[in-house]
Each structure stands twice: as C-alpha cells, then as structure tokens.
Amino acid sequence: MYNLLKGKKGIIFGALNDKSLAWKIAERAYEEGAEIILTNTPVSMRFGDIETLAEKCNTIVIPADATSEKDLQNLIEKALEHFGTKIDFILHSVAMSMNVRKGLLYDNVNYNFYQKTIDISALSFHKVLQTAKKLDAINEWGSVVALSYIAAQRTLYGYNDMADAKSLLESIARSFGYIYGRKKKIRVNTISQSPTMTTAGSGVKGMEGLMDFTERLSPLGNATSDECADYCITLFSDLTKKVTMQNLYHDGGFSNMGMSLRAMKMYNKSLEKPIDDDVLVS
Amino acid sequence: MYNLLKGKKGIIFGALNDKSLAWKIAERAYEEGAEIILTNTPVSMRFGDIETLAEKCNTIVIPADATSEKDLQNLIEKALEHFGTKIDFILHSVAMSMNVRKGLLYDNVNYNFYQKTIDISALSFHKVLQTAKKLDAINEWGSVVALSYIAAQRTLYGYNDMADAKSLLESIARSFGYIYGRKKKIRVNTISQSPTMTTAGSGVKGMEGLMDFTERLSPLGNATSDECADYCITLFSDLTKKVTMQNLYHDGGFSNMGMSLRAMKMYNKSLEKPIDDDVLVS
Amino acid sequence: MYNLLKGKKGIIFGALNDKSLAWKIAERAYEEGAEIILTNTPVSMRFGDIETLAEKCNTIVIPADATSEKDLQNLIEKALEHFGTKIDFILHSVAMSMNVRKGLLYDNVNYNFYQKTIDISALSFHKVLQTAKKLDAINEWGSVVALSYIAAQRTLYGYNDMADAKSLLESIARSFGYIYGRKKKIRVNTISQSPTMTTAGSGVKGMEGLMDFTERLSPLGNATSDECADYCITLFSDLTKKVTMQNLYHDGGFSNMGMSLRAMKMYNKSLEKPIDDDVLVS
Amino acid sequence: MYNLLKGKKGIIFGALNDKSLAWKIAERAYEEGAEIILTNTPVSMRFGDIETLAEKCNTIVIPADATSEKDLQNLIEKALEHFGTKIDFILHSVAMSMNVRKGLLYDNVNYNFYQKTIDISALSFHKVLQTAKKLDAINEWGSVVALSYIAAQRTLYGYNDMADAKSLLESIARSFGYIYGRKKKIRVNTISQSPTMTTAGSGVKGMEGLMDFTERLSPLGNATSDECADYCITLFSDLTKKVTMQNLYHDGGFSNMGMSLRAMKMYNKSLEKPIDDDVLVS
C-alpha cells in the first residue's frame, strides 16, 4: 500500500498456513513491493499450505531445515541466484518443543528434547545469521527479525522450555546484532508479539483463558497477526535503520501493565466463588 | 538475632503504626543491634503511634517534614548530636497522593496535587540525600534504602500519580547513588515490595482483589512486612557493600511472572460467568 | 516519500531551529502527507527560526507554554479549528533544566529549579495528554510520542535532574498510555534517541567525548536527527497500531551494549598514559 | 561471623582454586555456620586445589560432571546421606566455552562447541534443579543461586556464546524458580557479578582493559570475590525468603551506569591521540 519495501528482496522462514504470523508477514511484504522467497522444513510443507502462499506472492519455496547448516547454505545460495542480487531482509519464525508436545512438565523435561527445542527455536537463528554472513548475502542496512514472546522475560505456566528458548533467541539477536551491525551495517531485532491463535498457539493448553486475560490487561487488546505483519514491515523498511539489538513489544501494551480495571473486574468475579486449591496439581 | 547491625546508627522515616513497613524495619534494626532515631511529620505523629515504637526501640522521635530542607537539616544535625557520631543507614518510607485521596483519576489530576505527590513521595528522598551529604552525615559504606513498588515499571489501574512518583524515586536512587558512591562510598537502593496491607495500602481501592491476584501469581506468595524488614536488614548490613543504584524486587517472584497456574485457574472461573463490560466506567 | 501519513493531522512541540529533532520530524511528517501545526514557547520562538519551518510545511505556529493548561487548551482548540477535524498525532520534544544551565551539580540542586525541570520536561507531557483527552481532540488509533534519553535508565554524569525528568516522562507515557488506550484506542510511546548535537545537546558539558564513545560503542553508530524523524514517522503511521506504553531505543544498538571492540581500543589507548586521579573533583 | 547459616547444609559447585568465586563462597558459608559439600568435575579437581578447600571447611569433595544426570543424582544422594538430612542451599558456578578457548569468533562458532557451552554453562543448572527436586533434596525455604554476568543483557565483544549461555541460565532461574517456589517454597536466583580475575576470567582477552573501565564506571568500583561471597551468604540466609526468580546485580553500580566522570576522563585522554581504525579487524 505504501511501497515501503519496493525493490527489496527477502527470505521468510516459518509460514505453515494462513494462521501463521510468517504467512501474514509474507503477504504484507509482497504487497509493499518486496520480492520474497519462502522456506520451511519438508515436513511442515506437507502439513501446511505454503505453495498456496507462494502462488499468491508469485514466488518459490525452497525447503530447508533451519537447524542444518548445509540446508541453510543451499537456501541462501539459491536465493542469491534467484534474485540475482543480495537480499535485504529475513524473517525467522521457527519454534518447536517436544517437551511441550509430549506433555513433559518443566521439572521433568527430557534433555534430548530440551536440546532440540534450543536447536530449533533459538540456535537456528544463529545458524541463519552465521550462514548469511559467511556468504555475504545481505545488503548493507539490511534487516533481520525473529519472532519472540514475553515468556522470555516473565514466566507463564505451561510455556515450558520454549520460554528459555525465547530468552536465548533474544540474546542471539543482541550478540549477533553487535557483530553484524559493526561489520556490515545490518540490524537484528526480535518482535515480542501478543499471544496469537496460530496453529502452534492453539495447541498450547489453556490458551483461551490466557488470551482473554491478556486481551483485558492490554489497553489496546491483543495484537493480531495482521497488525504484527504491519509492524514487521516497518522494521524491514528504511525508516528504522538505527534500531538494532532490540526486543520490541508488539502487544497492545501488555508488557508494561501490572493490572487493568477490566482484568481485575473479571478476576474479582471469581473471588465470589472460591475454588478448591487442593485440586491444583501441576 | 544475628547482630548484623551491631554498632550501627540509623534514621528511620515513615513509621506510623505497627502495620507500617518502617515500623517493622525499625524493630528489626534494633533487634540486630542498631541504634536508631525515628522521624515522621508532626501530623503523622498525631494520627499514629510512633512514641510506642520509640519506647520499644529505646530511642527518640525527631519530627520532620521530609519536604522541608530546614526540617531535614535539623533532623540530621540532631541525630549526629544524639549519636555523637556519623550515621550508617537511612530508611525512606514516605509517600502520599492527594489525587488518590480525593479520588481524582489519572486523566483528571489536579496539578498542584501532582506536584505535591512528587515532592512528598520522591523529591523528599533527594532532599534527605542532599542534606545528609552536605552535612557529611553518613559513614563510608553507609546504606540508604527507599521503599518502592512495581507500579514504577508497570501500570496498575488506580495507582495514579503514585506510579510516576515511584519511577522518579527510583531514578533519584540511581542518580544520587552514582554521586554518593563515587564521592563517599555510600550505596543507595530501593526495595520494590509486594503490595502490603499497611494503613496506606488499605486505603487503596480494590486492594483486596489485587492482593489475592498477586498472592496467586507469585510462586512464594506476597512478601509480608516482617519479611520486608528482614530483607532491608541485609541491605543495611556490611554484607551488601557493592550493591548500589539497584531496584530490588522483594515480592515472592511476582515481578518476573507472566501467568501462574493458580492465578489462571481463579481467573478462568469467572470466564464461566461473563460480566457486563458496559458497567466498566473508569 | 511513502505517503505514510496521508490525510493525518498533527501537532509538533519543540522545534527551535534546523538542528532540532522536532524540526526534522515536522519536515518528514509533512513530506509523508501530514498536515501539521507547530508550537513552542514565545521565548523559544524569538531565539529560534520556527517561522521558516512553518513556511516550509505550509502551516502556522501557535505559541504555547507547555506547562500552562490554559495555553494548551487554547492550542488544541485552535488546532481543531484549523484542521476542522480531530488530530491524529502529537510530538512532545520539550525539556529544560535550570540546574544544568546554572551549573548546579546534582548533589547541590536548587529545588525550585528541580520542580521547574520536572514541570517543563515531564509534567508538560501529562498536561498535553490530559488536555487533549478532555477536549476529545485525538482520533481513535492516534499516536502520541515524546522524545526521551537513556539517562532515564542509566546514570550519565552531568545529565543531572534531566535524568530524573526523563524517567518521569517515560512513566507518564505508561500511565497515560493505559488510560488513553483503554478509553480511546490512542497509543503513547517514547523514543529514546542517541545523543544528538541539537542546540540543547551542544550545551551539555563533555558532549563531544560522550558522542565519540557512544558512536564507537553502538554497532551502527549514533542515530542522527534525520533517522530519528524517519523512525518517528513509523510510530505516527497506521503500521504500529498496537505498540503502546513502550520506550523505544533508537540508538544504533547502544542500549544493549556493554563494551565494543572499537570503544575498548580507544579506551585502552589512554591506559598507556594514566591520568592523575586527584584532579577529579566533581 | 554472624552465624547466618547456622545449621544449614549446602552444596557448592565450581570451586577450582582460591581465586574462584565458589571457593570464597564456600569459605564464607562455612564461617557462617553452614556445613557444606564441595563438587567439581574430575578434570577440574586435578587442575585445581579443591582438596585444600575441603580440609579448611572440614568436609568432603564428591566429583560430578554437572552435565550428567547420573553424576548429579549420585552427588545429591551422597550429600543427603552425608548430612543425614535435606539440604538448604546450592551454589552453581559452572561455565565453559570451547568457542572462546579455541578463539572461534561469534560469527564463526562451531555448533558442537556452542551446544556444549549451553550444556555446561546453563543446562547443567536445570539438571541440578530437576535432580534435586526429583529427590526432594531441598528443605522448604531453601535457596539456590547461580553466578551470572551482565553479558546476559548487554553485549561485550569477545564474550561470545557465553553471553547467550548466561541469558539462558537466568531464564532457567526464572522458569524453575516459578515451579520450585510454587511447589516447595524454594527460591532460585542469579547473582550478576562484576568481572572478576578468577582463573577463568584471566583467560579472557582484554580482561584488564575491561576491568579498568568497569572499575572507573562503577561508583563503588568492581565487586571483589570476597564481597560476592558476603552477598551470596545473604541470599542463602533466612533474611531473603521472598526474593526469587531475580537476577541480582552485584557490581558496584555498573549495571545502571551510562557514563561516569572518571571513565570519561580516561576515555577522553585517548581522543587526543586518535588510533587508526583500519587496524580494527575483529
């Protein structure tokens, strides 16, 4: 609508289906004049709908396991070839926890799963950055964004080892942001997005109650996927050149709220009919 | 019980009655071997019970309006005289908002009241520090603590201009902590305490619901006044000499929680009987 | 260049001359299709060049002392009249410290000056917001931005009571952001900008050394005024609707740096010729 | 000296020699009346001097690789047996990066080494906590502390993947602190200590220049190992029962400083003889 990304080239990780944040971001980037390439793991490609998105965005999908240096190298080389020029932005929206999937609580994690969570959800971001840098694949003043969540700062029951992975992800954004900024003028940031009813999100136990609470606590309500895409566009654009190493809350104000009138009123309702605390087991 | 403050001298601002945080801190400091002097405004002295505390702690009360440089100078000079030596620690527990008292909402504050809130609840801390420094009243490695609240970082409806005052208070702790540390090896910190049912706290609208929520959100529950006193003692002791310019959360973990199972269960109860949002007026 | 603010109306506080951040922001807002009104105090108008800017932006100047509720009411009423419609954004770039001007150090401040610093540099922001809200002057999804500085979080010698004022300013953005978001869907944020050689900045003692240090510590270097204007435009635009109550660092990465190679190399140079610490008096 | 830990039992990880933070903490815990057990990896035991410490503290060493669940289970079972009762506190001071040792820069890390850094320096903390919890080895109101560093928040060149590991470590403290607090009233915190000339620290390139800078930036100067031990004692004591999930800066004020007069004066010295920036390669 504004041509904010006119002439820019980018790679979008993690679009599964039209509920994905990455999906919306890809669409918006395309609308704003960018050329993009999509990527996801082969297994995600089977379960999702990414080819539909590729068609809409008039582009191709290059499969890659974001934990594999070899796959990433292939992806970026192919992207450079496809575009015939360096790229300008990357979106990282990749996360998975087998401990969460298997219902293993945080005080009973399987450490192989934990290492896998870290590898997929955080270390993959370092691998993307390191590979891109080694191939000198990003133009000066390029922009790299990863999607995060406030569990990186504040504990939410049930979020499990994903919370630790998000902390690590944000640390990688800082650490690599320093290097990539100093050497290549490239910025690296994370967006800390409201809880969102993506396919991944809808699998989280108690997601609905949590989203009701965050909706009422946030003065502007939860941020939607479409709004996240809009925000992400500003970070890919030339208007945010000196923003780097930041974790940027896109959450309707949630992160700086202690208690709102609306959430408190709702909470107080339940004070009138106390629950049996002995039932609380986990 | 441990003689942690043996031989130390201190001034305690803000004890009103036995529900006050400052009251408990005075008692604990005395127990730990400190000699203390109590102070409060003349009007607070009338409404409260500070003489009882003075008796228990075998000491005197010197009235002072903490917003008056003249009163503060008199207080500190008298304290130096009384002790016959410099002092080692100061507790600042002083806060008041006329906007809160008069029920003026944050989008309808009276600016004279606002300035008064700032003067009493934050600027008074600067005045205490500046006066003490001018009189060279504190020994090297002395410790100054002010009591704060997480509203300084996160908005809680109804906390009004006190939130801004607490932010300013914490900034003053940093700004003066730098100066006082560099020049005199004196440390300045704030404790960010759980909501507490003091006389001031019990006047806050909706305090009970909030305390139920924070109790359930905090893994260790709300911190009590007695526990606050214990913690404060460690900050006055010689064991924390290099802790300065910090805001230290003493809150059972609340500050780093997003959502607990216990709070969520309670909240979810009320989802079953939705409230009428139109009723929400403020 | 992108028509990001097409059709939007705004008020810009604090443009003095072409070195001012507010000046650049006004120009960029105009370029992006906004209609704006400029304002400053009568005395600043005399010393500065604001009429030149008004001409460039094809608009008018309405004088107002930002500490005066009456002036603010007049300003906003005139603006509504001028535009014939509600406004969409406000920039607050107002700060002054008599303690700094008079060279009074932070442990020797004049408290009348201190209250003045607070009133001009922080409370004025509340007054703008409260006045705008009372007049229902801002459209839904409007955006209000104030300019801040990292001294709000970390002490920089010489920044004096301005550090405290910036902390308070950011707290006001949170506190009012909650209210204005909940009631009117309006967002309120602060931008924490790199040190900048504005007319105000160039008056700060030791500014050049500090800017050399921050330039070398920040992986992308200090953010310029032009870049600040670009960033501010994104916050006024419809692409950041769910960003509120935030303090957003626009500083080339400075805020998340501990030590860079470049700054350390420079620092180490001086280790070879140690200075006489006794000379350090303030 | 105060009997603050009288009757308490604890396990200390990571004492190598008398420069170690863990060494000082062990000595101080013993002085304060605690019974302790020491542990380290077999290889560290060979290179270090831990038996000397065991003798001074009248205790035993139980070797354990902190990344091995089996070793940790054995350690804690032996400790329970040795004490004949549950334990009250644990210190985790364990960190190692092969990328740092091998001089691999952060944009050229070996990912096996990276996973190893994570496993040793962060995940080991989770393993200690999970094992202790499964064995129900810690008394109610027990205290677990891990040593961290400000690189978790702010990038310091050369600190490499250790920065990411410290971020993860602090996240684990929060995540497990929630669980352990809720279920067993046990608190979990990290201390973010000044840079210290331990055996590990002295291996860091450019450590001396950095320590000169942090010494001059911190109003109280760098915190020493002895002071760290003192501070740690307060966290093991009963006086800090409601402090949990926190990262506590013990750094002479460094963490909240932007620029001090002393550091700036030193820095400015070098401005007089500019260095050749082309030399900066890394």
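First chain written, first letter: the chains are A, B, C and D, and each begins at residue 1.
By definition in this document, a residue touches a chain if its C-beta (ideal position, glycine included) is under 8 Å from a C-beta of that chain, and two chains touch if they have at least 3 such contacts.
The structure presented is a predicted model; accordingly, all values stated were derived computationally and were not measured.
Q: At the chain B/chain C interface, shared numbers over all numbers used: above half (same) or below half (different)?
A: Over half of the interface numbering overlaps between copies: same.
Q: If you average the CA coordinates per chain, which chain's centre is most distant from that of chain B?
A: A
Q: Measure off the straight-line distance from the CA centroid of chain A to the CA centroid of chain B, and report it in whole Å.
A: 40
Q: How many angstrom lie between the centres of chain A and chain D, each centre taken as the mean Cα position?
A: Comparing mean C-alpha positions, chain D is 31 Å from chain A.
Q: Listing for chain B: what residues touch at least two other chains?
A: 154-155, 157, 174, 177-180, 245, 256-257, 260-262
Q: Which positions of chain D touch chain B when the two form their complex?
A: By the definition above, chain D touches chain B via 2-4, 174, 177-182, 185, 187, 194, 218-221, 223-224, 227, 230-231, 233-234, 237-246, 248-253, 255-257, 260-262.
Q: Mind pulling up the chain C residues that touch chain D in the complex?
A: Touch list, chain C to chain D: 150-151, 153-159, 206, 209-210, 212-213, 256-271, 273, 275, 277, 279-280, 282.
Q: Touching chain C in the complex: which residues of chain B?
A: Per the stated touch rule, the residues are 69, 105-109, 111, 114-115, 118-119, 123, 126-127, 129-130, 133-134, 152, 154-155, 157, 160-161, 163-164, 167-168, 170-172, 174-180, 183, 245.
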